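A, B and C label the chains in the order they appear, each numbered from 1.
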């Protein structure tokens, strides 16, 4: 993908989920930009993020991410794309419960053959940026909601992906923690990562370069 | 049927691999007949075949030494038919023994080759997987038939003269000479070729592409020849020396009574496969990279095998 | 490439070590079955080895008498005639009988006193000494404990005639198993106890090595009423009997192992649901199906290896330390449920190989379907 090509390009994308329909959507995200995604609950924000991440498939339309046409990729291809280019902060803070915080943060480095010592070192760097130094060997169930949030963000950002999708990264955290998370995301943006952040947080919207609002599955201009 | 603990263990593993072989063949058939294997299904099918063939490989690998332990355990049962050792046991129901001893290693070779291809390219090699699964099924069934077969009523004559003193040999007028294949010089020459060639090929940058084209097949031929030469050398030179029983085809006793040499035989087989596979992988996108890794690991297996032999000779 | 596989293997090991509850339930049943199987095979192997060693040290030919086509006691005068057969170096007539003592069956072995000094009995570990006089007896450890006998105790044997003996020695628990319930005494005394001085149970004939067959033939020709067995023939019958018993035992346990496969499959399936969330997350983070499959399959192999190792160790403990209660009696005749004597057992490297093969095969086969199904989890299914 050349620098001029959009990082994400959705063309007439539609996704049906029961009675709810998302789209048709036409979205273009320029590389290295931060786009805020807002809208009421049930507007389809998570569905949109899942489509862009390749976790879900569109019923019609065209989704192109980091130069790859998701419709032409099979499950393995989409997984490979996520592995190499996309980081996701899920709305559900899912972790591998029996792994430590450091192991959870570095879990996506395992299939790359990165040695354990290097994985730990890289996890330590990301956790320090998010104010979680000393949490390396803690177990995830012992963490507070805000701490779990930050661990999830660190996990998504550890490979400095080309595209980072975040679903409510500052939900249920205090203001100071929220600022830390947003600064972390801003740093990634400054280093060239394209961000699509779904959030109700006003300060997240203020940091964004662009704004998309979803209502009832449609973009509001 | 001779019923003992080893028969039951070997039969259990053979039965499991029969079922696994059938499941693998059914999976391959469904993949072929349901729909063509497009890009969308290739990775899933490859993963499934990797799981099934990997499981089969593991089970048949354990079955290999068990086969020789079974043969050894049958000696007392067949003693009144003239059987004196495990080699004598192989002369009862000989065709099934030969089938097991040919099909088992053939499956391990083929399945290992498929796994190497799986590492070297994205698309699964269905034809090769079918061959491997068929070989696994055939060897398991052959083993089950051999284990269940009636082994009574077949008299066996002794295959060699057993003598612990040259004077006895002279007295009975028996002349025995080792085969030319067993000559230490043949054995040493082939080991030299492989011990130099394999690590050299294992240094990816050291060998030019054009040289690889003929050096690879040369190593394959040398590895195959090494199997034959090693077998003769072990039978005619190593076994008499280690077991202290000259002029006796004691290779089977060597494998079961000196455990380290049983392991050495397995390592030698692994080294042979590692030298034979790389030229066959040349058509795969990552074939050269996987080939380099195979040469390196083959060298390690080969030298380990030789060290175990050397310890027993010295 | 190598680092990736190493990482996956280490991840698999970490999963098994840190989250053992799931595999523990499935593995524990398999461990017990495998441990019992290995214990039985080890006892069978040990018995066979001990029997063969005893035979190897013993006579080349055994003679009994044929009455109505069955083994019978040998007339003493016929036994004495064996000395004239060519090739016979030494004759040892024996009385081998059974006697009831306090409700227990004991074996009485009567051999000439001079033979006791040179036989294996003399090399056994025992408290006291080998009998040196006609009124002395050697008693097996299990029998001595049951009857409360010590060296110097008086023992009364009464089959047909009451005879009083002094216990000169008691075998150690490490002595060969046949001696644990035996009473060894002088031949003439044994004959007196059983009230038959005209016969012996059998005659052990010592011959030069390699001439057993020829001497056996000569004995048979000298008197067709002799039933003659060479050492090799006896060894074959011993081995076949042991092996057959071991094989039948193993077959039953193979059935149990076969049933373990669907059991593990069911338990794996039931335990798969929480695992699917973990796998879904890994795949969302970029792990491929093949990598997940490799990790989960390696977990099964590691569990199988662990099962085999623990089963082997448990089997050693069960046999060597506990004496294989209830199990040993299947292999050794007349042995109580909780034997005092050392149980002959051999734990060999091939047995460990067999244990590993069985353990890995059962866990792999049992978890195959669940492994495949779990690895195919689509991330979106667990993220909703």
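Following the convention adopted for this analysis, contacts are C-beta pairs under 8 Å (C-beta built on N, C-alpha and C of every residue); 3 or more make two chains touch, one makes a residue touch a chain.
Quick caveat, the model's predicted, so the values are computed rather than measured.
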Chain nearest the overall Cα centroid:
B
Taking contacts as defined above, which has more of them, B-C or A-C?
B-C
What's the chain with its C-alpha centre farthest out from subunit C?
A
Length of the line joining the C-alpha centres of subunit A and subunit B, rounded to whole Å
51
Averaging C-alpha coordinates per chain, one finds the centres of subunit B and subunit C separated by a number of Å equal to 32
What whole-number Å value describes the gap between the mean CA coordinates of subunit A and subunit C?
64
Do you know which subunit B residues sit against two or more other chains?
43-44
Can you pull out the residues of subunit A that are in contact with at least two other chains?
75-76
Multi-partner residues of subunit C (at least 2 other chains)
1-2, 288-289
Contact residues on subunit B for subunit A in the complex?
39-44
Can you check the complex and tell me which residues of subunit C touch subunit B?
1-2, 40-41, 44-45, 232, 235-236, 239-240, 243-244, 246-251, 253-254, 257-258, 261, 288-290, 293-294, 297, 301, 349-350, 353-354, 356-358, 360-362, 364-365, 368, 371-372, 375-376
The subunit A residues in contact with subunit B across the complex are 74-77
Per the contact definition, I'd like the list of subunit C residues that touch subunit A in the complex.
1-4, 6-8, 10-11, 14-15, 18-19, 277-278, 280-289, 291, 378-380, 382-383
Contacts from subunit A onto subunit C in the complex sit at residues 50, 53, 55-56, 75-76, 79-80, 82-84, 88, 90, 92, 94-99, 103, 107-108, 110-116, 155
